[in-house]
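Chains: A, B, C and D, in written order; residue numbering restarts at 1 for each.
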Amino acid sequence: MKNQVLIAAAAAAAIVTAPAITAPVAAESVKVGYMQGFAGGRGIFGRYGFEGFELALDHLGGKFGGMDVELTKKDTQHKPDVGRSVMNEFIKKERVNFVAGITWSNVLAAVWKQAARSKTYLISANAGWSGMAGKNCNPYYFQASWNNDMIPEAMGKLMKKEGIKDVFELSANYQAGKDMLSGFNRQYQAPTKGKILYKLGNNDWQAEISQIRATKPSAIFGFLPGGMGVSFMKQYKAAGLDKTVKLYTVYTVDYGTIRAHGTNAIGSYHTTFWNSDAKTATNQKFIKDYIKKYGKHPSMFSVQGYDAALLIDLGVKGSKGNLKDHKAITTAMRTADIKSPRGKFTYNVNHSPIQNYYKREVIADADGKPKIVVRGMVAEMAKDSHYKKCKMAW
Amino acid sequence: MSEPLLKVEQLCKSFGGVVATDNLDFDVMPGEIHAVIGPNGAGKTTFVAQIAGMLKSDSGSITFDGNDIAGKTAPERSHMGLARSFQITSVFKNFTALENVALSIQAHAGHSFKFWKRASGDKTLIEPAQKILDDVGLGDKALNLAGNLAHGQQRQLEIAMALATSPKMLLLDEPTAGMGTEESEIMRKFLNDLKGDYSMLLIEHDMDTVFSLADRVTVLVYGRGIATGTPKEIRNNAEVRSAYLGEDE
Amino acid sequence: MLSKLKLSILIGSFLILAALPMVAESEMIDEPFYIDLMARVMIFSIAAMSLDFILGYGAMISFGHALYLGLGTYAVGIMAHYELTNGWMQLLVCISGTAFIAFILGLISLRTSGIYFIMITFALAQMFYFLGISLEAFGGDDGLPIDTRSEFFSFFDLNETWNMYYLILGTLVVAALVLWKIINSRFGMVVRGSHSNDARMQAIGFPTFKYRLAAFVIAGVVCGLAGFLLGNLTEFLTPEYMHWFRSGELMIMVMVGGMGTLFGPLFGAFAYLMMEDFLANFTEYWQFYFGPILILLVLFAKQGLWGMLPGKEDISDE
Amino acid sequence: MLGTHGVLGMTLLLLIEQFLNGMQFGVFLFLISAGLTLVLGIMNVVNLAHGSLYMLGAYFASTFFGLTGSLIVSLVLMIPVMLLVGILIELVVLRTLYERDHMDQVLATFGLILFFNELVRIIWGVEAQPLTLPMWLSGNVEILPDAPYPVYRLVIIGVGMAVAAGLFWMITKTRMGMLIRAGASNRPMVGALGINIRFLYTMVFGLGAVFAGLAGLMAAPLQSVESGIGEDMLIFAFVVIVIGGIGSIRGALVASLIIGIFETVGRSILPVLMLEIVDSEAAQTAGPALASMLVYILMAVILFFKPQGLFPARTG
C-alpha cells in the first residue's frame, strides 16, 4: 500500500515536471514548422519544395544561424482548413519560430492571419497569393518564390519584345488563372485574338484547339499547370497546331514535368525566375548536390524551398540567438542576403522579391530528348504590381 | 343488391411486350371475400399492385367505394380505406410489434410533421395499437422487435398493421405464403374471424385456404380472368381444371 | 432509450469537452492548441451527425453533403464581405439559404433512388463546387478571408478562443438533442419507417416523399450550421469545402462512428480526423494505408465505434 | 447566327467542327463508361475505383510503351495484366460487397481509390509519366476545309465503335452474354442452372477492368499520366451511366454522345453566347462558369423527368 502511494506520487511528479525539464533545452534551438501538401498527384510541388529545404539544411550543417534546428513537417492535404489546423498546432503546440512551405494560394489565404497574429514568421516557398503582396503584407510574412502574376508579366514583356503581333490566351477559370491573364496583359498590351477560360481539371483540349486554329493567332499564351499542361501539350502536338502557332506557357514546363512532356514540349517557350543554366558556383553546387541526393534534377520549386531555408538561416543569424528579437530578425531577412541558386534578389516593401526573369526554351538534345535551355534575361529586377497597396513601414 | 365496394373494369397493364393484366373485370361486394388464384406468372401480384396504387395502369377503371381511384397514389388509397398486406413479409423489423401498429395508426391520425413529442410515449397511438395487437392475439408480443417474431406472427402483425388503418377493404397478397401447415391453419382461423367485418381481396396459393374462406373465386391466367364463381363452381369448371388445378394437383 | 453505458459515455464526453478549455490552458498542461483542435473536430461532428440523420435513419445515401458545409461558410463569408457582420442576421441567411437550396435539390434528387440518388446528389454538389470556383467576387478557388467573425452580443466576442469554442460546443449539444428528439418523434418514425420499407409506408398511408424531403432539408440546415461555424472558426471560405472528396470524408466519419446511431458520428469525426493526422505525419503516402484500413472497417466493423458498445439503441426498452 | 461579335470567330464551319469534336469526346467517354455500366448494371455494385483502373491502364501503357516502343504491343501486354488486376480486386474486395448496401460499396471502393492513387506514386514516382504519340499515329487528315484532324482521334473513334459493336454482340449473341443478362435479372436461377455465378461475376469484373484499362491506354498518348487522373473521368462516366440508364450499353453509348457533344459544343459556344447577351465583365466569367456546370445541369434535368435514365434497364 505504501509503495503504491509512493509510485503514484513519483509518477505524478514526473508528469508535472516533464515540461519543465524539456523547456530549457528548447530555448537553445530554432523551432521550424514545414507545411505543404504532399499527398496525391498534386503533392509533387510539396515534394520538390521540401527536398530543396532539406538540401539547404544539409548545406548549413543542420543548423540555422548556428543554432540547432527542431524541424516538424506536416501535411496540409492541400486543404485550407487542415492548413489552418496545422498552423495552429505549429504555433500553439510546437511553438515554432518559423513556418515555411505552402503550395496553394487558398491555404496561404487561410493561414497567414494566425501567423501574423501570433508573431510567427511565415515564409511561402511557393504560394504567391496577391493578397499578401498588397493589403495583407506584414513584418512576419516573406515571399521566397514570386507573386502569382510576375512570371506571366515577364512573359507579356517577352512576347511584346519579340514583336508577336497577336495572341490567343488560354487560362484557367479560377482566381490564379485570372491573375495570370491580368499580369500578362499588363505588359503585353497588344490585341488578343481570343481568350478561353477553361475548367479546372480539363483534359480534353480538342475543342479549344479547334477554336484557337479558327482564329489564326501568331502565338498562344497559356497558363496550364500540372497535368492539364501535359495533356494540352500532347494534344496541341497531335493536332499539328505546333506547325502554325507558337506556344508560350507559364507554370507548365519545368524540370518536374519535362519527362512527361517529352518531345511534345520541344519548341515551346516559358518564363521563370530561375536561370537554371547559370554558371555561378552556388547554382552549380545546388544542382549537383540535389541530383546526388535525390537522383533527379531540381525544379524551380526546389529553388524556392532551398531559399526559404536560407532565409530562416539569415533571420536567425540576425537575431544573434535571441529569437524574441523580432525586429532584428525582420531587419536581417529584409536584406535577402543569401546565396540563392537564382542569384541576387532583394525585397520590395511588401517582402516580395525583386528579381530577374528569364526566357527558357525546350530544345532537342543530341539524342532527340527534350532539354530546357535559358535564352537570356527578360526582365531585370522586376517589381510586382501590388506593392503600392502595402503600407508596411520598414 | 348493393353496389360492389371495389369494381374493376377493363383493366390493362403490360411491361414492354409482356401483357400482365389483360382487360380484367373484377369486383368485391361489401363483406365479401373474393379470392384470386392462378398459376405462377398469372399476373396476380401485378393486379394487387394496380389496385393498391403501386403501379400505374395502362387503361381501365378502378372504382372503390363509389370513387374512381385510378389516378390516386398509394397513400391516398390507404386513406380511402384500402389496406394491403405484402406477399413478402414487410413489417418494420427494427421496430417493436407495438410500434409497427402504432405507425399505421399514426398514418391515419393527421399529418406527421410533429418533430418534438416522443412517438413511443404517445398514448393516442400506443393504446389503440395495443388493443389491435390484443385483438389479433399478439398482445403479449407487443414489445418484441418485429424482426424477432416467428414467421407466422410477422404475417399476423402485417395484417394487424392493415387493420390499424381502419380499412373498408383488405387486400391480402398471399397471407399464408411460406407457412407450415400449422401456421396456415392459425392464419386461416384468424382470417375467418375477420370475415364479415371486412371485405377482402385475397390472393392465395394455398387451395385449402381459398376454398374454405372465399365467397367467390376468380381464376387468373396470363392476366385474363378465365372464370369467376363460388368455390364449388370453380372446382367443377373444366377450363379451370385443365388450365390450372389439373397441373397443380 | 440509450443504454446506461452509452449515456454515461455521452455525458462523460460532454463534460470532458466542457472542461477542455480550462484544462488545456491551465498552467500544468498549457496546451491551448487542443482547444482549436477540438473546435474543428466538433464542427465536423455536427456535419457528420446531420448526414447520419438522412443516411442512417432515412437511407438517403447523399454523396454531396459537404455542399451544405460549404454553403454555410459562404453565408458567413459573403455577408461579412459586405460588412454585414450581425451574427443573428447571418444565421438567418445561413438557415434560410441552406434550407432553400436543400429543398430544391431534394425535390430533384429524391425522385430517384438507389445508385441514381447517390450519383445525382454527387453531381449537384459538384455543380456548386464549380460555381464557387468561378465566383470571382468571392475569391474563386483562392477563397476569401472572412475579416470579421459573426457578432452576436457585445459581451460575446468570437475572437476570444473560449467564446468560439463554447459556441461550437453549444451548437453541437443543441443539434444532437434536437435531432435525437426528431428521430423519436412521429416525424422521425416516418423517416425511419421509409428507411426500412418505403413501399410499406406508402401502403399504410404515408405520402413519404414529403417527409423524406423535410428530413433532407433538416439535414442540410444542420450541416449548414456546421459550415457557419467552420467559416467563423477558420475565418475563411473556399469552394474546396464542397468538393466531393469532402462528402466522401463525411460518409467515412458516419461509418466509422456507426451508421444510424446519431451519436456515433460525433466520435466518428474525432476518430477519422485523428487518424488522418496521425497517418499523414507518419508517411506522405498515408492514403496508401488508409485506403485498405477503410475497406477493412467497411467489411468487418460496419457497426462503427458506437455500434460496438453493448446496448442496442432501441427506443422501446425504456 | 452568332453574329460577328467573334473574338472567337464562331463560324458555322467551326460549329460543325466542334460538333465532331464533341462526338469524338463522346466516343471516348463511352470507352470509359462501357466497363462501368457492365459492372454497375449487372452486379449492382457502385464501383468508384473504376477510375483507378483507368489510371492503371494509362500507367501500364506508359511503362510498356517505354519498354517496347509500340502501342500495339503495349495493348497486347496490357489486356492480361488488367484482367488479372480486375480479377484480384474482385476476389479480394468486391466479392464481399455484393450483398452489402450501396453505402458500403461507395466507401470500400473509395478506399480503393486512395490506395491506388498512392500505389502508383510509390511505384512510378510523383512525376507524371511519359508517353508520346508514336510517329505513325501522329498525322493529320483534313476532314473539313482548313481544319486538319488528328489521325489518332479517328483511331479512338474506331476503337470506341469496335468496343460498342463487340459488347452488343457479346451481350446478345454469346453464351456469356446470355448468362450475364440472366444473372442480372435472376441470380438464383442462373445458380440453379449449375452455372458458377461467382465465377461469372469475377469474369465480368475482369472484363470491366480491361475496358477501363483500354480507355486509359487510348487516352495516355493525349493526356497526362499521373496519380488521380481517374477521378475526373470517373465523374464523367457516372454522369454518362446515370443519364443513359444503369446497365444499358445502348444507354451508355447514347448518353456518352450527348454528354460529349453538350460539353464540347457548350463550352465553346456559351462564353460567346453570354457575351452576345450581356457584354460585360460578368459575362466574361459567367460563360465559362456555366459551361463547367453544364453536364451536371443536364444530368439533373434528365433525371428530374426520367429518374431511371433515358434507357432504364428492365431488370431490378
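Criterion: a contact is a pair of C-beta atoms (placed from the backbone, for glycine too) under 8 Å apart; a residue touches a chain by one contact, two chains touch by 3 or more.
Only a predicted model underlies this, so the values are computations on that prediction, with no experimental measurement involved.
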| item | value |
| --- | --- |
| Joint neighbours of subunit C and subunit A, given as chain labels | D |
| Maximum centroid distance from subunit B, chain identifier (CA atoms) | A |
| Between the pairs B-C and A-D, the one where more C-beta pairs touch | A-D |
| Rounded Å distance, subunit A centre to subunit B centre (Cα mean) | 72 |
| Centre distance in Å when subunit B and subunit C are each reduced to the mean of their C-alpha atoms | 42 |
| Distance between the centres, which are taken as Cα means, of subunit D and subunit B, whole angstrom | 47 |
| Euclidean distance of C-alpha centroids - subunit A vs subunit D, Å | 35 |
| Per-residue multi-chain contacts in subunit C, two or more chains | 130, 133-134, 136, 285-287 |
| Subunit A, residues touching no fewer than two other chains | 39-40, 43, 47, 173, 178, 199-200 |
| Which pairs of chains touch, using the document's own definition | A-C, A-D, B-C, C-D |
| Interfacial residue positions of subunit D with respect to subunit A in the complex | 7-11, 13-14, 17-18, 21-22, 24-25, 28, 117-118, 121, 126-133, 138-140, 147-150, 152-153, 221-229, 232-233, 264-265, 267-268, 271, 284-285, 288-289, 291-292 |
| Touch list for subunit A against partner subunit C, complex | 16, 19, 38-40, 43, 47, 73-75, 77, 79-81, 84-85, 88-89, 91-93, 105-106, 109-110, 113, 129, 131, 136, 173-176, 178, 199-200 |
| Touch list for subunit C against partner subunit D, complex | 55, 61, 63, 108-109, 111-116, 118-120, 122-124, 126-127, 130-131, 133-136, 244, 248, 251-252, 255, 259, 285-288, 290-295, 298-299, 302 |
| Parts of subunit B lying in touch with subunit C, wherever the complex brings them together | 52-54, 73-76, 78-79, 83-84, 86, 90-96, 98-99, 102-104, 106-108, 112-120, 122, 125, 143, 145, 161-162, 164-165 |
| Residues of subunit A that touch subunit D when the two form their complex | 39-44, 47, 173, 178, 192-201, 203-204, 206-208, 210-211, 213-215, 226-231, 234-235, 237-240, 256-257, 259-264 |
